[in-house]
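Take a look at the structures listed below.
There are two complexes below, and they share chain A, which is joined by chain B in the first and by chain C in the second.
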Partner chain A sequence: MFEARLVQGSLWKKLLDSIKDLLNEAIFDCSSTGITLQAMDSSHVSLVSISMNSDGFDTYRCDRNLSMGIHLPSLSKIMKCAGNDDIITMKATDDADTVSLVFESPNNEKVSDYEMKLIDLDTEHLGIPETEYSCVVKMPSAEFQRICRDLSQLGDSVVIACTKEGVKFSASGELGTGNIKLCQSASTDKEEESVVVDMNEAVCLTFALRYLNFFAKATPLSTQVQLSMSKDVPLVVEYKISELGFLRFYLAPKIEDNDGDN
Partner chain B sequence: MCGRTACALAPDDVIKACSYKDRHGKYKQPSWIDAPGGQQYSPAHNVAPGAFTPVLLSAKHLSTKTAHPASPGGVSDRVVMPMKWGLVPPWHQGDPFKVPYETNNCRAEGMLEKKTYKVPLMRGNRCIILADGFFEWKSSKDGKQPYYFYFPQDHLKSCSVKNEVFESPNEKIVKTEKVQNMRVIYEDKKAFDSDLLLKDHSNEVYLKASDCKSYPVSPENNKIMTKACLELKREVDYTGDKSFNSKWCSEQDRCGDSWINTCIDNTSISQKCFVKQEACEGSWTDIDIKTKNETGFEVGEAVITSWKGHRLLTMAGVFDVWKADENAPPLYSYSVITVSSSRDMDWCHHRMPAILSTEEEVQNWLDFSSLPLSKAALLIKPKICLTHHAVSKQVNNSRYQAEDSVKPVQIGQQIATPGSKLMQQWLQSASPGKRKSQDSGVQKAFKAGGNLSQGSVAKKKKEKGGESLMMKWLKSGSPVKKT
Partner chain C sequence: MGIQGLTKLLGDHAPASMKEGDIKNFFGRKVAIDASMSIYQFLIAVRQDGSQLTNEEGETTSHLMGMFYRTIRMVENGIKPVYVFDGKPPEMKSGELAKRKEKRDEAQKELEKAEDAGDEENVDKFSRRLVKVTKEHNEECKTLLRLMGIPYVDAPCEAEAQCAALVKAGKVYATGTEDMDSLTFGSSVVLRHLTFSEARKMPIREYNLGKILADLEMSQDEFIDLCILLGCDYCESIRGIGPKRAIELIKQYRSIEKILEHLDKKKYTIPENWMFKEARRLFQEPEVADAEQVELKWNDPDEQGLVDFMVTEKNFSEDRIRNGAKKLLKAKQGTMQGRMDSFFSIVSTSKTTKRKAEDPKSAQKKKGKPNFKKAK
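The block that comes next holds the complex of A and B.
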């Protein structure tokens, strides 16, 4: 028996919205410690990792480990049926081929109940290497979304150069070039608006903007985003999901002489 | 719907592929007639409407006007003529390539009502559209994926070929009978001469050896074959039979790509054996056997007439004749009749061409003089007789003519890009022990991905730039662990 009740149901909605375009299907692994999801996009260039801690839920019960193969666009459709203030409860029996979702309005006047079919997926569990990153940048998530959107007007890829002073995003294309420089905020009165660069070694990496724009769809989840970079390892774009856990996107850097397929 | 076909056989092979048995059980080939307007059929792997493609029809449609050459085995009552795909009704005025409505396909449901098709059908203008196969597209949100549909080609896999027996060198008799079926399996050309193993009693000859990959149909090969023939002749000798006929099928283990069927005709009268091999591109070899008697005169000649190559798709169609003016040469054009898809095809598209899957059906459809339209129309129905595979999306463009148009591809398999490789490598560098079992899974998946990408199209050129960098990075040990 699996049951997870989340009072702040909008988190589920935002979470699904942020991954449904990148992933078509994924496995939700439920265990006594929480829910995790790891999946690669169809081109195998990026990876999504979600971790939701059992403590973050209002009630959480998982008697046996359960893997639910879910068609994400379908789940997203169902989640759209939930109001923003609704309490969302996810339920499944141990050997079920469906998952049920219960949406309760805050004043308990309305209860909706949805059941969705699960799908069979080949479990391709991925181990994510523990990596020390040369640069870790924390910045407002809305700012990151804006930068990615703006620079995709100019080109397919963005060069992220990270130095002590700050971080520079640049793109170039047929119509010209664009550079956006963010400096470390001197005073940090508002944490959510600060830009913090934590750096061991300067890095300069190129990424496909297409994917960064997919990642930026997670912006509503968190006011801050954290970018972790090292040479020749995938970039990590992390959004915290309040007390629940995190949503991380991994993206392989573009390699020279590669003409924009990733 | 049927809006794209492949038809890549040369005219000569098309008529061979259409060989059939007539009422007397004699093999016949239809004769080839050029389009009256001089338009040429050009074999292609991606044929769109408007093109001239070979169409099989009853010779009665033409017999009074056009004298056609006799085909081997006597005058045939069928002819193959290139016709324009897209029926031009006789009343059409102006450019025949600009018929205001689509006539590539004719819906079976309305063919007896619509004037465009009813009139020619009533007149008996029934034909068979010949093609290697046709393409159909399945739409999904990732775009249109083409699939190639064709008759199952099972006969290419087995080498059980009927023997044509020439009872006497003086008679031109073709009799089908199972006689001595001999099978030669090459496994090594070097050991060819020395290691001739003969299992006489079972009439099976195995030439032991090890490599037959490099067996192109070449003059050299011919020589080897002939040598083997002679060798065998000596070994087997004539065991009292007045005539001894054998057929050799040499089999190449490579997927029936290039089969060589060689027949030798050993007669006790004539000790000479001429093996003539005619190799045609792709999948097929035709053999003429000529026997000579002692005086050296050619007395018997026969053609093995059952086609061993790609079985052509036979789609029912309707044709009509259009003339620009009184004196202009007639333009023959056709529509492919379509029906709603059979249940093995409806996953892809809701319509399919009307396939005539047996020789009998073909005969009945063509024979407009004996079978009335009302009965012939019953032949038009959805059929489960096709096989298919996915093909490259490049086929979507009708200008794409490469041979790999019809080659199977793996769909849904991503092409390994430098980025995806890096991602995979990085994931594999995950600390071992922690997720051992899972790691192997990843590796497996990675390997599978690598292998499959070999079969997929349009991949190579992109990888080069990133590859050397990847290799360097890999050799330097995973940077993940250096801190």
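The block that comes next holds the complex of A and C.
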């Protein structure tokens, strides 16, 4: 028996909205400690990793480990039927081929109950080593979204350069170039508006804006976003999911081609 | 060509070993392509009003057209192709080659007949059967590739075997061919439909040898024996043993020698002087150039050189050739998108908990579009 009840049901809606453009289907791994999901997009450029702790749910029960194959656009459709203030409960039996979703309105006047078919999936699970990153930038998520959107007017890729002073995003294309520099916030009065750069070593990496724009769809989840970077490894874009856990996106950098003469 | 009925057998017995995907998903991959197979395809497929493209002198140019555009298509999608050309055919193939020649002679006769009768449909059909890749075709394609900055390798013998050696040495990710015997030669990944025209909208088919062996519960050597029983280019097979029987026999006895010990000789006639051992050795230890020594470089295209060759000599449109050269250069410049799986390695495969024993058709349907049922 699996059952997870979340009073703040809108988190589920936001979470699905942030990954549904990147993934079409994924396995939700449920265990006694919580729910995790790891999946790559179809072109294997980016990876989504979700972790939700059992403690963060209002009630949580999982007797046996359960891997549910879910067609995400379908789940998204069903989640759209839930009101923003609804309490959402996800349920499945141990050998289920369906998952049920119960939406309760806050005043308990309305209860809707949906059942969705699960799908069979085989996915490759990647081992992600714990890494100490050279640069970790914390910044307002809305700001990050804006930067990615603005720079994609200019080019396909963004160069992120991180130094002691701050972080610089640059893009160039046929119409010209653009640079956006963010300085480390002097005061940290309002935590959600601050920019914090934690740097051991300066880095400069190039990423595809198309994917960053997909990641920025998670902005409603959290006021802050954290970017972790090291030379020649994938970028990590992390959004906290309130008390529950995190949603992380990994993006492979663009690399210099060295199979030619020049 | 290739192994008889292997595609169908894999579809039936190891469906998980085949994946279909868009050509875009293969960006950043280096792929060894069987050049002779591709050139043959181009000669057959690239046609106008049923006849091959030619220049003013009447020399065929279909192969160059195909080579030029299909290679650009791959490069634009981020794939790095390397073409592998056939060397001399192995002696064991002479039987197969003689058969092919016989068929060609027959087609020639039929063609003449059809031409006399003015039967256009048959003229077209038989002239396609007469297509043969000549040395000149190969040389012209090599010249073109050099000008395009695309590397090629001359195999000492079979191109398929050389491709497999490149894959095994980790020089390239996969072999691109339609010929299924690249799996028999041990190429761990085989891509089909890579050099097909974009207009056909054929998804790329990726065969994974590791999964094939796991699903069939066979070793590579047993798989080779299975392919020989199915029918390969190098020796005869036993009449009356089809795919179904072949897989049963290998699973039961695990080698052709053992099968021969137990097979009812009255029911099945074993070919005289059956060379299965030699064929097996050919698959196991084919004559190839040392893949470690092969150096692959992708260079900038030589635009002027391409114009001189393709436009002046071969009458292609200058605009198109210059355009193609620009596309090649553009794809070559700048940075290349990295792949997630080249940074993090696959540690396990996870499966959904509940796997129903369904027939594959309805499972596929379910994947495509699940139906929702609103509970009462």
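Please note the rule applied: the second predicted complex is superposed on the first by the 255 of 262 C-alpha atoms of A that agree within 3 Å, B and C clash if a C-alpha of one lies under 4 Å from a C-alpha of the other, contacts with A are read in each partner's own complex, and residues count from 1 in each chain.
Keep in mind that, in the parts below, a contact is a pair of C-beta atoms (placed from the backbone, for glycine too) under 8 Å apart; a residue touches a chain by one contact, two chains touch by 3 or more.
Because the structure is a prediction, the values reported are computed rather than measured.
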Quick one: chain B and chain C on chain A, clash or fit? clash
So, does A:Tyr250 touch the first partner chain B, the second partner chain C, both, or neither? both
After the superposition on A, what does A:Thr131 contact: first (chain B), second (chain C), both or neither? first
Could you look at A:Lys231 and tell me whether it touches chain B, chain C, both or neither (first, second, both, neither)? first
Using the touch definition from the top, say if A:Leu121 reaches chain B (first), chain C (second), both or neither. second
Per-residue contact with chain A, leading partner among chain C and chain B: C
Quick one: is A:Gln153 in contact with chain B, with chain C, with both, or with neither? Answer first, second, both or neither. neither
Quick check for you: in the superposed arrangement, does A:Thr177 touch first (chain B), second (chain C), both or neither? neither
Considering only the touch criterion stated at the top, classify A:Leu66 as touching first (chain B), second (chain C), both, or neither. second
Now that the structures are stacked on chain A, which of 116-124, 134-142 or 278-286 shows chain B clashing with chain C? 278-286
Do chain B and chain C land on any of the same chain A residues, and which? 40, 42-47, 123-129, 208, 233-234, 250, 252-257, 259, 261-262
Where on chain A does chain C make contact in their complex? 25, 27, 29, 40, 42-47, 65-69, 71, 74, 77-78, 94-97, 100, 113-129, 157, 206, 208, 233-234, 250, 252-257, 259-262
Considering only the defined contacts, which chain C positions touch chain A in the complex? 16, 21-22, 24-25, 27, 30, 80, 149, 296-300, 332, 334-356, 363, 366-367, 370-375
Chain A contact footprint on chain B (complex, rising order): 412, 414-420, 422-424, 426-431, 434-435, 438-439, 441-442, 445, 449, 462, 464-466, 469-470, 473, 478-480, 483
Touching residues of chain A toward chain B in the complex: what are they? 40, 42-47, 123-132, 208, 230-234, 250, 252-259, 261-262
